[in-house]
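Heads up, the next two complexes both have chain A, just with different partners, chain B and then chain C.
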Partner chain A sequence: MGILLQTLINGIMLGSVYAMVALGLTLIYGILNVPNFVHGTLYMIGAYIAYFAIVSFGAPYWVGLIVSLIILFAIGILLERIVFRPFYDKPLINSFIVAVGLILVLENTALSLWGPEFRQFAAPSDKVIKVMGVMITAQRIIVIVTAAVLIWLVHLFIKKTRLGSAIEATSQNPDGALLMGINISHMRGITFGIGTALAAVAAVLVGPILLIYPAMGHTVIGMAFVIIIIGGMGSFIGAVLGGYIIGILETLVTSYITNFFTEAIIFGLLVLLLAVRPTGLFGKPH
Partner chain B sequence: MDEYILEVRNLTKYFGGLKAIDNVSFKINRGEIYSIIGPNGAGKTTLFNMITGFIPPTEGEIFFQGQKINGLKPYQIARLGIGRTFQLTTLFMQNTVLENLLIGQKQTREFPVFHSIMSVKRRRVSQSEAVERAHAVAEFIGLGTFKNTMAAILPHGAQKQLSIGLALSGDPDLILLDEPLGGVDMDEIDMIIELIKKIRDEGKTICLIEHKMRVVMNISDRILALSYGKKLVEDLPEVVASNEDVIASYLGDRYAARG
Partner chain C sequence: MKKGGYLFFLFLMGVLIVTTGTHLRADENTITIGYSGPLSGGGAKFGKNLQMGLQMAVDQVNQMGGLEVAGKKYQVRLISLDDQFQTALTVSNAKRLVHKEGAKMIFNPSSGGIFGLMAINEKEKFIICAYTTNQVCVTSGNKLIFRGPPAMMAYVQAWANRAMDKFGWKKCAMMPDAYDYGKLWSGLFEKYWQKKGGVITTHIPVDFMKLSDYYPLLTKALATNPDCILIGSSSEPNAMQVKQARELGFRGGFIVIERGKLEEMLQFVPDPNMLNGSIGTCPLIFYPNPSAKKFIKKFKEKYGADQVPVHESAIAYANIIYYLAAIKLAGTTTDVYKIMDALKDPRIQKMPLVKENDPYENEKIFPNGAVKGRVLGVEFVNGKFSDPFPVPTPDWVYTEKY
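Moving on to the complex of A and B:
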């Protein structure tokens, strides 16, 4: 019972990270219509920025998190404007190649600037809480609560504000949005900014638990793709629920079955699901 | 106030070497139903695309309420008060009828990003106004009973009605309808014709592209006939219907057989 509870909490924490990364990815998918492959690399950059703010400049953890969020929001807007915008009217493969190319550029830049070594920054609190015989570090609770609050805020933003409904309209139907008087260029930029900032926050939240290195985005982005495909491409609820499901599943498989084939099992499930529901759990056929 | 709501002056559009619109000029009077007819490829939709800013003209000028609008972006033109439907229905398919209409209500005026996030109280007031107007538009276009139905599962005719509702949602002065009867069932046609007349009776100006000649001849105040991008004739329906060039290039057997 104790081990199961511990595993579940770890799964929810991992799921929180996946949900945030996948949510950003699915929001940006609504703009690009191809998965933004560079998303995992931006997640990595978010972690490094918080690392330098916290370790090099001695900023408190939460300041590091907010600095990383703001800088990655700006980077997202810049990337959309400079790198992706020229390709909207071109075949989709172009945006796809651009995103893959960006991974090489950014990751190698990170490697040459900061080196391959593992880094880590300290958690804001090293308290350990004991619940029902299970030891939980405060950081895990911080990850779970912060992620849930942030996902809820993004949901409220999209559903309840004018700007949010303009973003939703733009991703569903750009021509229709234009006719409604929506400046779709601005909406695309803001969406990129929000999606990228979500990845950054996820990275800073797990920074004290996982390790920071230039290739740290690879496993996360691989899982995030699986999640948005399972959830249904472009679906908000699909990305969030899919994130938690995969996070918990991955942790359960690792603890109870095997440590070696986790990803193979998850991908196998993806194949099975797509055979039954080709558009994912919450995806709608076009 | 200007007598003309829209003036198109010497408009020309090249697609590569093809002259899609060739030196076309016309004026639309305030409050009329003005129809544009012509065979496929005559340049009707190209004309709409230029008026709404989706493609730039090669030469010529477009004035809306006396203001030059060519060169403006589509969303800016929409905010000035020109609504439009597309030939292929353009809806927010994953949203309900009411949500579709709300999107338009909310976006009609310029809003600063931070104002919309920060000033919650003021936003709420306009939010309730927007909801009220969205309900009113839903009733007006005859979809009152479908308010909470997702757009994707509406019957085709109802989707056409909703697309007209979307074009109306910014409370525009001029509405461009691109084949609102295209692919619509016989019994749905009358409903949409009534809707178009109702919109005109609200004091709005309508510019219509339509292939169903009997409808066009009945409903229009004036008609512009295009052929291969050139203006053939612009006149009252009965004059256009009896114009030999028009009959030869387009109406021909279609209208003769029915009329």
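Moving on to the complex of A and C:
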């Protein structure tokens, strides 16, 4: 029982990270129609920025998190403006290649600037709490709670604010939104910024638990794509639920079956699901 | 479309600028040493440590005016290519280094990569300098290979003996790395541990190239109530494993496979006491022999006083020194068989190049290519390192198949 509970908590922690990364990805896909492969690389850069704020400049953890959030928001807007915008009326393959090219550029830049070594910043608290035979560190609670709060805030932003509604309208029907006087390019930029900032927050939250290195985005990006495909491309609820489901599933498979075929099992699940529901769990048919 | 193509071209240029370096061209006055190793990805630190040692040897020889072979002076150059520990890349890198750059020796640090190279090296006439403790590479009969690090079995037995006889551990959970090396190591360990009356409570290979949270794996391992855990990734992932095991309430010890370095792990745990009850290789900085001290001094002069040299750098350095000494002794830069013979020639230990520089005072190189040197182990107890203890290295651990 203790082990099952521990496993579930481990899974929720992992799921929180996946949900945040996948949410950013799905927002960007929903509004730009671009499978943003560079998302995992921006996740890595978010972690490095927090690292430098916290370790090099001695900022407190939460300041590091906010600095990283703001900078990555700005980087997201810039990337959309400079790199992706010229390709909207071009075949999809162009943006795809650009995204892959960007991964190489950013990752190699990170590698040559910051070196290949692993880095780490400390969690705001080292406390370990024991509840019902389950060990959980303060940082893991922070990850779970912050992720939940942040996801809720993004939801409120989209549903309750004018700007959020404009973003949603753009993702539902860009032409309609344009006719209603919404500045679509503006919305695309902001969405890219928000999506990227979400990835940065996920990276900073999990930073003290994992290690920071230039290739750290690889593990998370593949899974994030699986999640948004399972959840339905562009679906908010699909990305969030999908994130938690995959996080818990991956942990359960690792703990009870094997840590070798987790990816095969999860990708197998994806294939099965798509055979039954080609649009994913929450995706709308085209 | 035009604009897109232009931008894409810019990207490609960017990628090229970032990923390629400049280096000397080969000519008949140059000895080329090829290195294929993990220079990016999860193994990059390890790969860089090796590269620093290789480069140090090359620069040192060039600074002395180059290497004189049969009355002619040669400059030495090192060309490094990234393979991210992927065997297919190792092999294509090696082909490029041999055919395009004229390398007669390829340095590689992974069991998988070395096996890949062993399939082609005798045909394509290049020497493999194998950075692995894997025994198969020296017992397979390949004539063009030499291996720098000690034999795996020496560590397996020394660590197991220490764990049982000194600490009284009986139940061990094995969490080695998921690749060739970890499989071999844990396989040997399991056999020896059980022969000594120990129990393996579980075997959970860890894929440290896909680094993620260790809680799920550790939860599973700790459920078997082990006295100690065998861990086998590189230092930083090891340290995360140790830290998380402590967070989950584990109070036992750690047997650290030699790829991980206790002194590096120490920098990644918030409290040194987390490492209490760990057995591993003795940090190079605690090696008492003067030649090791001399190496450390030179290393710090070259790379900065805050740089702490590790065995990867020192062994890689020693290997290049040996290789260049062998070229000198053989009197040829191209005949790989003669160079191999010279490596195993007992006179090589007396050559000034080797005698003045070899940090390990290596005793000899066996006919199968295994280098026999000085090996020390260490324990971490009460928040600090114990005195080093010698790891027994009888000849059979270098020569026999196991």
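Note that the second predicted complex is superposed on the first by the 286 of 286 C-alpha atoms of A that agree within 3 Å, B and C clash if a C-alpha of one lies under 4 Å from a C-alpha of the other, contacts with A are read in each partner's own complex, and residues count from 1 in each chain.
Quick note on the criterion: a contact is a pair of C-beta atoms (placed from the backbone, for glycine too) under 8 Å apart; a residue touches a chain by one contact, two chains touch by 3 or more.
Source: prediction; values computed, not measured.
Novice: Classify the contacts of A:N259 with the two partner chains as first (chain B alone), second (chain C alone), both, or neither.
Specialist: second
Novice: Which of the two partners, first being chain B and second being chain C, lies in contact with A:P116: first, second, both, or neither?
Specialist: second
Novice: Using the touch definition from the top, say if A:V145 reaches chain B (first), chain C (second), both or neither.
Specialist: Neither partner.
Novice: With both complexes overlaid on chain A, does A:M13 touch chain B (first), chain C (second), both or neither?
Specialist: second
Novice: Touch check for A:M135: first (chain B), second (chain C), both, or neither?
Specialist: second
Novice: Looking at chain A, which partner touches more of its residues: chain C or chain B?
Specialist: Touching more residues of chain A than the other partner does is C.
Novice: Using the touch rule from the top, collect the residues of chain B that touch chain A in their complex.
Specialist: Per the stated touch rule, the residues are 52, 54, 73-76, 78-79, 83-84, 86, 90-95, 102-104, 106-108, 111, 113, 116-117, 123, 152, 166-167, 169-170.
Novice: Touching chain B in the complex: which residues of chain A?
Specialist: 157, 161-163, 165-166, 168-169, 172-173, 175-184, 190, 284
Novice: Can you list the chain A residues touching chain C in their complex?
Specialist: Residues 3, 6-7, 10-11, 13-14, 83, 86-87, 90, 94, 97-98, 101-102, 104-105, 107-109, 111-112, 115-118, 120, 122, 126, 128, 130, 135, 137, 209-211, 213-216, 218-219, 250-251, 254-256, 259-260.
Novice: Please output the residues of chain C touching chain A within their complex, sorted ascending.
Specialist: Residues in contact with chain A: 1, 3-4, 7-8, 11-12, 14-15, 18-19, 39-42, 44-45, 47-48, 178, 204-207, 210-213, 215-217, 219-220, 223, 236-237, 240, 247-249, 268, 270.
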